[in-house]
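The following pair of complexes shares a single chain, chain A, combined with chain B in the former and chain C in the latter.
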Partner chain A sequence: MNKSMLKAAIGLIVLAGLLVIPRFVESPYALHMMILLFLSVSQGQSWNILGGYAGQYSVGHAAYFGVGAYTTMMLMYSKQVAPWVGVWAGVAAVIVVALVIGSICFRLRGPYFVLASIAVAEIMRLSAINLTTLTNGAEGILVTEIPAFKIGGRVVTDFLTKVPFYYIGLFLALLTLAIAYWVQHSKLGYYFQAIREDQDAAHSLGIHISVYKNIGLVISAVLTSLAGSFYGIYVGFVDPPTVLGLDVSVQIMLICIIGGMGTIWGPVLGSLLLVPLSEALRSNMITEGLVKIGLVSADSKVGLFLKENLAHAHVLLYGILVVLVILFMPDGLMGFVKKLASRRKREAA
Partner chain B sequence: MAVFLQSLISGVLIGGVYALIGIGLTLIFGVMRVINFAHGDIMMVGMYLTYLLFTLMGVDPFVSVLISFPLMFFFGGFLQKVFINRVLNAVAQNQILLTIGLGLIMSNTVMLIFTSDYKILTTSYSSSTIQVGGGVSISTPLLVSFLITAVITAALGWFLLKTDTGQAIRATAQDRDAAQLMGINVSRMSVIAFGLGAALAGTAGALISPTYYIFPQVGGTFTLKAFVITVLGGMGSVVGATLGGILIGITESMSAVYISSGWKDVVVFVLFLLVLLFKPSGLMGKSRT
Partner chain C sequence: MPILEIKNVSKFFGGLAANSDVSFSMEQGMIMGLIGPNGAGKTTLFNCITGYYPPSKGEVIFNGRRMNGLQPDKVCKLGMVRTWQKVRPLAKLSVVDNVMVGALVRTISLKTARDMAMEQLKVVRMEHRADFLAGGLPIGERKKLEVARALATQPKLLLLDEVMGGLNPAESEEIIQLILDIKAQGLTQMVIEHDMKAIMRISDRIVVLTSGEKLTEGTPQEVVSNQDVIDAYLGESHA
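After this line comes the complex of A and B, so read on.
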């Protein structure tokens, strides 16, 4: 069996495993973790297409995530539009937003592009706070009931368990992976990489820079918007800081950077690291673990402090990880793994 | 007219503090070509330092500048030596990410220590005003902070123009390689520049703490404002940053009065985008490619 067949076989086995998990796993918490993982993969992968392949570091992806989430939720909340219809309205809105942003921001390069992308996302966030009649302002939008999804009168799912969300999330993650694969192996992807490596050289070879940057942005924004809509429907609540905040943009970017930019598996690796770690912190698992091993007593001052505060510390962890990654493995985990592998190969030879 | 004058005056006064933040950022950018995304968080550290000095030892916020300036200088120098120095030759994106990461570490460490509650530093003069006549009044803490800002800016100007170290810093900003060939210790200049930048940001934090809420996430808004100010004034230009700061202060207070306080930041960001589009080199900057 050669290498590519082995890879395909492993892929199929993993895929089959992922498809049957909800049959055997009933714990809603385990499914919730998987859904978060899928969401994170699709967020990171969407950013990867623009940031990793085309080299345009957007620190404003919350704009697309939030506009997708808000459009779907607003339509469901005030017009009772079903989410699977609203999602496409969100996509349409995001394409318009992306093209406006692209036409403004892509005239700028490097750090100026980063700053412009942040400014645009902040304008979106502040607008969501201030346009109270549309968005409920800082209160946010809460939707508790999702209509059942029917085809020809037959109920396909009523969204009462986590299982339908699991499959939607899985589909979204696979979709973004497939698109990243396609981007990497198509002419479009070569154009993107040429722009990333040397914009002027790419331009002199006849690549229409702003057209291709905008194509990359629209693909990336549409996928991010889908992830945003999915998040909104799954959680049932959106408000300006959770879907439009600067933190959201930074987190989307970090998944990809920690994993490895411009690689297909980078965002997956980043998600596999970040999601369990931040969940463990959020749910106080680490403190409980420390108490259990007997390192910290639960009633001592330190124990109480950890219990009280460690749950909020997952962003601190992001910060530490970024600093470590940038200083010690600037190509992300993927680059680090590759380097180790090639070193092993050299030593073996 | 009174309303106009009133908002003009308070805009100029708060603009002085903004200028201080902007000058710090522009100094760091000028010398190292690094955009410091942790700038607002450094300012936040300065605010908490002032808060600590005030609550623990009863040091007046304005007097505490004398203590926080050198402390923040060393903090900045430390950040430069340990972290920033390693990415000076990396791509701009990695520098940005590193400073974002450092900012996250600062704001979340402060949150772990002080919790995310809003703190208010109440002094005897926090809400006192001076009546100027014609219905116009000036907030005393803002006026004092503006005066301190003016003194610091003038001192910084003198330092950069007249002292040997100042000239060496400016030479490094102009051409790093040439400066090195002339025998200037450019890595030391980088440490000093980052230290100064941090000290200015920390001082700005100390100066606004009597009139502003203190909380761990306060930095983000100020980082963004600092960018707007420096881009408006021209990246790397100290005079530009001073003008930019005052301009942003006026824009904010005018739009709070004539549009609404909810939209004032939007006005600032739209102005920022317009500057980026039509005059990316800023008011005082030379165009750079």
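After this line comes the complex of A and C, so read on.
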């Protein structure tokens, strides 16, 4: 059996496993973790298309995530528009936002896009807080009931368990992976990478720089918007900080930077690391673990301090993680894995 | 009809005239040598011709079409491509991927682009390097990669900016042969080079720039026997 057949076989087995998990796993918590993982993969991979392949670092992807989430939720909340319809309104809105930013910033050289991306996300967040008639302001939008999804009068799902969300999440993650794969193996991917590596060289070889940057931004923004809509209907609640906050943007970037930019599997690895980590932080699992192995005692000052603060320290920990990755694995986990693999090959030879 | 006409091109950077009132034209299939001391404005002229800078004054006419104001990508699509004096490999891409990026201006199919790229790698004798990372190549091969990548865009006019700079004599000789091979295929070239012996061998005509101005133009024989050129440029070596 050759290598690509082996890869395909492993892929099929993993896929089959993912498809049947809900049949065997009943724990809603386990399904929830899987759904978070799928969401993270699609967020990181969406960012990767623009940041990893085309080298345009957006520090404001919360704008697309949040606009997608808000549009779907607002339409469902005030106009009773079904989410599978509202999602496309979100996509349309996000395309407009992306093209406005892109057409202004991508003409200019320098860090304009990075700065503008932060600014636009902040504008979106402030608008969500202040346009209270549309968005409910800081209170956010709560939607408790999703209409049942029917095809030809037959109910496909009524969204009462986590299972339908599991499959939607899985589909979304696979879709973004497939699109990233297609980008990498097409003219688009070559042009993105040429722009990332050397803009002047790319320009001289016939590449219209701003057109291709805009294409990358729109693909990335649309996929991020889909992830946002999915998040909104899954959680049933959106408010400005959870979908439009700066830490959402940073989290999206980190999945990809830590996992490995410009690779298909980087965002997957990044998600496999970050999702459990942030869950462990949130639920104070780390403090409990430290107490259990006897490193700190639960009612000592240190123990109490950790219990109080560690759950809120994920931004700090992400910062430390990024520094470590940049120092020791500049190409992310994926680059590290590749290096190990090639070293093994050399030693074997 | 000349393939390229440069008409009174000037380029100012603030008060500095990097090119001033330069005019000459090129016929199909020829090699035009472009020489001049450091800072004479040779690279600037390439930048004006290929759309990196709009000329401050004057016109660039390629195949009868006025090129002023066109961006480099458009210039490339119309058939004019340049290499970079300071090489610009796409470092994290493989050698063949670098050349494919050039080829993709003519096709959307990766397979076609790969075939075109391998063909150009053969021309520069780098097929065996196809899967190496471009960032890891030694300077001689980086220069050849520049040429292969430019050729892959299927130009009608190729502009080479010091492709022999920094090379040893054997490598330079290989490049000279390469340029002559390309000429034999019928491709028109403009070549910036400091090595006088090399430029004399390959050029049909030579333009001499000093301080942004065209000092003279002629056949290699005419140029080396021109007293102004000897004074201004060849002074020391021919004294």
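Just so it is clear, the second predicted complex is superposed on the first by the 347 of 349 C-alpha atoms of A that agree within 3 Å, B and C clash if a C-alpha of one lies under 4 Å from a C-alpha of the other, contacts with A are read in each partner's own complex, and residues count from 1 in each chain.
What we mean here is this: contacts are C-beta pairs under 8 Å (C-beta built on N, C-alpha and C of every residue); 3 or more make two chains touch, one makes a residue touch a chain.
The model shown is predicted, which means the values in this text are computed figures rather than measured ones.
Of the two partner chains placed by the overlay, neither chain B nor chain C lies in contact with A:32. Once chain A of one complex is fitted onto chain A of the other, the partner contacts of A:186 are limited to chain C, with no touch recorded for chain B. Contacts of A:330 after superposition: chain B is touched, whereas chain C is not reached. Once the two complexes are overlaid on the shared chain, A:315 sits against chain B while remaining clear of chain C.
Once the two complexes are laid over each other on the shared chain, residue contacts for A:120 go to chain B alone; chain C is not touched. When the two complexes are overlaid on their common chain A, residue A:110 makes contact with chain B while staying clear of chain C. Of the two partner chains placed around the shared chain by superposition, neither chain B nor chain C is touched by A:282. Taking chain B and chain C in turn and counting the residues of chain A each one touches, the greater count comes from B. Taken together, the two structures place no residue of chain A in contact with chain B in one case and with chain C in the other. Across the interface of their complex, chain B is touched by residues 57, 59, 104, 107-108, 110-112, 114-116, 118-120, 122-123, 126-127, 129-130, 246, 250, 253, 257, 309, 312-313, 315-316, 318-323, 326-327, 330 of chain A.
By the touch criterion given at the top, residues 50, 52, 71-73, 76-77, 81-82, 84, 88-93, 97, 100-102, 104-105, 108, 110, 113, 149-150, 153 of chain C touch chain A in their complex.
Per the touch definition, chain B reaches chain A in the complex via residues 35, 83, 86-87, 90, 92-94, 96-98, 100-105, 107-109, 111-112, 115-116, 220, 224, 227-228, 231, 260, 262-263, 265-266, 269-270, 272-273, 276-277, 280. Within the complex formed with chain C, the residues of chain A that make contact are 185-187, 190-191, 193-194, 197-198, 200-209, 262.
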